């Protein structure tokens, strides 16, 4: 079965081809079904392969399937091939699974949209590229998926291209991602000249011999790769595109900008764990950037009024946690959080989508309130997602986040503190969102007719809700043998040959439990605070904002980062381009040409 | 001296004899021509005369050099080459003129007669081996052309052109003669062969009289080939003269002057070559630069072609400077190529020109390409060829010239020359731009095309050779090479 | 003692006068006469040289020069005359239809 | 007559046929032209099948004396470098014929003759193995292109553009002519054989001082054609003013002649000088990449934008060539072909909307995706290919170029990589302004989507765009051996003069464990 791995990517591609070419004549239901079934096919294939691989001993779980030589030139030999190992399998399962759910959801959500066929074509294309990204056997092929998902993200953010904002947002996403990709590209070049190959297996196998631990080469490589990861996974300073990306359809936000694509950076760092382990400086950078992003984005999330933006900043923040995990060396925990986050964040986005659907497209939480009764299913599942994100026991987020914080504490208290404050804020803004949306008095404008969403949307919510609850149990840290995910993944990450801090953790069960209880307590008290501020005493908020007005404005305006980028980077480039064109090109170069001509012609006039 | 001076040997000047007989025939027949419609008959007499002369000259080809009139004239490959060239130019000029003469109301008898006389003078120049003969040939040529230039009877412009040509022609003859006199003083003979052998034996070549003579001779020739700075007359004369005669002058006179220049300088004065090559180097650069640059702003097509003709003289001078078999061969080949393409260009000008100097302005060419594709295409071919763009013969000519220059190490000169041809591209392109890319200004009278079968024949011949000599230059190059064996 | 050199110098001086005249004088007839002067100077030179070298060639050349000059004069004067008929002037500066 | 000669002369025969054909029946003339070019294309496929992959040298060589007195021969043949360029020319000629079907309505006869002449010229340049022959084709091509721009171009500045194109190109090529002559006589004097045969010239060892000048003379001609900064200003004008077909062929084929010239002549003939001039050429190409992209960004005219993007893309090609390693050069070759398809297609696309709206100003469009969905899809794919999206053609070439550049001098790749970011900016921004947003102009509301002919044309281009991206192996396999030969010539004689390459190879070696690097120096 493993050698049939190409089926995983083939199914979505078929979906693209059928829907893209023939779909123009097909009814919507068929298009939706084709799109969803294609992904289901991938998911089932991935499951079968997973079962097979899981059956092998941990040593034989890694295999490579090569289809054909893609680029073979000089010393560069790149195959179109797949790397089947636990990491890629976990990613494939997550991606195809969540994708399938979201496809089903989309059949309901997008049912009325003109671009239904286009939507499913793009979505299938996205899954195709995403699966290539996670299953590629070389950096270059991964880059294909990497940029491919960027493309789909561009297309889907700008899905409603008639409006200015989505089109702008799509372009912004692509360009910012390109900046990151530039880092990735340079990293690949450096890797190639160092290892003379771009195959993951060969590179990682040769790394310990070729590279000097902590040396310039490996540090540079990993830092450049991390630039790529920052772009894709929206970390400081390249996070600016993700909030804007919310202009796309909500299922897209759920799939691409929460569950799968944005986590590609984390996946890539985890994939290169061998290299990162050899570059302590890079690890520190990753951890610090991750921690800062987690804090920074969470703080912005505190004051956003657009429900999707809250979730977007939350995503950025959670991605920060994943990088923090990688940075402190617990790659497993990073991946674990990636998986659980995929469940509950997809759930939250889809819930928000359901709210939007019921509210005729309204996103401003100030115009909601009291939806609890009108949309009970949505409310229930959204609450589960929130609890999971806030890290309440026994929901999925609790286990994964806690593992990260624990590992961070092992590394440095400062990192832990950052993470914990972030967690504090997370719980606050999420419950703020819940209270503003579902509780309290209704602030809904009169013309809006609120209704619960159809079954095709509710069902996926339920499935995700279940996963959000139970997803964490695969990584139970305390029960012996309970952390199956870690067991499954760890062999990959110990290639680097150093003990993961998580292993030491087992010796300090007591302390860990204490820490868990602390964080749980914090979370619960924060929920109370949110309840107090938004339900009990809403006026308090105004007073506070008036008190700290400048700080409030700063955070409310997202620290003016977009404005700063515009003033410091975009406008100067634009102006210098204009200057180059109007002055240099037309006046200097062409001026010299015309000047010569005029000189000769002038001489001609003189000679007659 | 080794040269068989022999006797009179009338057959040596066979081509001249035939031409003069034909000219006399035209004069006689002219007496009986009653109406305009019989005029072409005169032309055909001349044309047949040209053909006859060509046949005679062809019989000289490939044989040992034969001398006549006690060594004053020679029939060798070199003279045969140039005779052929003059006869082609003359013949095509006659064909071009046939309709033109009638339309412009020019006295046909005199016109054709003088054309034949001019051709005779040219042939004589190419055949002469004595400076006296050279002078005579030149004068026969010049005096005929003085008159021809003023033949367009109803045109003041033409008369003015004639006067200018005459004044400067006579003036330059003075220089030429003075040069000959000094050379005679230095070498004791007017025979080219004798001068050559005297110089070859001389130890010191810096005698002032010799150098002054050489300089004056060069000045005289410079006037004839319109070498800068002695070129000022050419544009005026070319502009004013009847168009076929302009064409004839631009190729025939130039070729005759170059033939003489080669005989005198490359042949007899070879020993002095360091001196005259330096002068010619400068002359060449000045000539092509001034010619090309000045042509840029011309709006009258004849005037533009006049400057173009000056520029081409500059290119040809490169070949003279380079010398050797390559350089001299290149000069000959270029003259041949230039003759055909330039006559072709003038044939187009005649086609478009109307009675009374109308439609000579470039703006009259607007839209010709779309209304008369064949004519436009023909002009385009000539323009591209003159600009030296492959695959036309003009390119091959330039290529040959430049390669000779590079071979002899005149790389600087070659670079100046290629930059010049870049400049020239601009004004040649302007003609094609006018013809193909612009429409006549609204309200402007549409240029009627003056069509004549003989003219069409000229165009066809010119086009054919312009293309053919560019694509398959081998036999022509060989022809040129064989013609200059005597210099080597 | 008047030797060859003196003749040659005289010839040169005459030639120069002729050239200068061509440049300075504006009357077409006078210009033409200056050209004739140049030719005469050349003839003088030829004869002097012929005499000093003891060869006949130079003298023969002079005959040709005279003949040709006569022919040129005929044609030239005719041209000047025809132009005068049209323009009523023989000032070369006024022949400005062409740019000169 | 061999296959290659047939390819050269078939279009010419077609042109003659059209010249004799009746002016009143443009349909017939178009038919003849299309048939001729299709036949030529089909014949050219024979080159591909008869070409032996893996051989670096020239194949299918034909030789015939032409001007024996000067050592000029009619000598044609192909190797991996020229094979695909010939195929590109023949294919694009067919596309051009078809694209002009409804675009060109006046003077159809002349137009078709010009196109066929151009085809002959293009094929000739790529197959000529005699310097004289090469020069003839090189110059001959100017005439039809000049006419195409000047006659069928946009009213307004077409004449300026046509003359500028002609003079710029001529300027470079005339100096090249002098260089060819110098080389010819040097060859003659040292070996006693006067010949323009390229093969013989390859064996010539020129003194360095001479190489420098000759390299500059050849290089200038090619740099203008490419066009490299700062000789590029003719390109935006020519592209903007030319009719669609002219722009397509100009971008797709004519520009390649410059880079082809570098590969075919500059590198193997002047290896030492090549190594000497690497910093200059690479520097200029880097400036070109960034400069072209920056200036493209602020253009208001779609065609001008694409033209400046060409400057940027061709910068990659030159950079790849002067990386002087297999990866870079192969990348450059692929990039040449890719650029042919991508930019060719872009000009087709611009032409299609120009035909509908008679404007090229970005501001005049907006929201076309809504009215022309099929067109939008093609445009998107082509734009993405131009951006260098992996999986499409542009990426393979650009990545190899970057890889080559990085091996030669890491800084080059760092700078060139910025061009990729900027490419996304200008292309997507333009795409957004043209295709996205609301249809706010009344004129755009009724635009018709592509008809079958147009869609088929773009489909051909898109097919290759995808094919090159997904499976470039057949191309690389044929290109690489020939490039290796070129490289070998440069390496053998230029190697001692290569400080840049040497340090590039040693730098990482010094930084880390050495065993891996000693072997991977370009082979």
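As written, the chains take the letters A, B, C and D, and residue 1 is the first residue of each chain.
Operating definition for what follows: a contact is a pair of C-beta atoms (placed from the backbone, for glycine too) under 8 Å apart; a residue touches a chain by one contact, two chains touch by 3 or more.
Predicted model, so just to flag it, every value in this text is computed and none were measured.
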Task: Most centrally placed chain - per-chain CA mean versus overall CA mean - done: D
Task: Intercentroid distance (Cα basis), chain D paired with chain C, Å - done: 65
Open item on the list: For chain A versus chain C, what separation do you get between their C-alpha means, in angstrom?
Closed with: 101
- [ ] For chain A and chain B, let me know how many angstrom lie between their CA-based centres, rounded off.
- [x] 82
Task: Distance between chain centroids, defined by C-alpha means - chain B, chain D (Å) - done: 44
Task: Multi-chain contact residues (two or more partners), chain C - done: 99
Task: Residue list for chain D, restricted to those that touch at least two other chains - done: none
Task: Sites on chain A at which at least two other chains make contact - done: 608
Task: Chain-to-chain touches, reported pairwise for every pair that qualifies - done: A-B, A-D, B-C, B-D
TODO: Mind listing the chain A positions that touch chain B in their complex?
DONE: 600-601, 603-605, 607-608
Task: Contacting residues of chain A [partner chain D, same complex] - done: 68-76, 140, 143-144, 146-148, 151, 154-155, 158, 161-164, 167-168, 170-171, 174-175, 178-179, 181-182, 185-186, 189-190, 192-196, 206, 209-212, 215-218, 573-574, 576-578, 580-581, 585, 589-590, 593
TODO: Report the residues of chain D in contact with chain B in the complex, numbered from low to high.
DONE: 66-70, 107, 109-110, 132, 135-136, 139-140, 142-143, 146-147, 150-151, 158-159, 162-163, 166-167, 170-171, 174-175, 177-178, 181-182, 184-185
Task: Touching residues on chain C, where the partner in the complex is chain B - done: 8, 11, 15, 18-19, 22, 28, 31-32, 35, 38-39, 41-42, 45-46, 49-50, 52-53, 55, 57-58, 60-61, 64-65, 68, 71-72, 75-76, 79-80, 82-83, 86-87, 92, 95, 97-100
- [ ] In the complex, go through chain B and note every residue touching chain C.
- [x] 131-132, 135-136, 139, 143, 146-147, 150, 156-157, 159-164, 166-167, 170-171, 173-174, 177-178, 180-182, 184-185, 188-190, 232, 235-237, 239-240
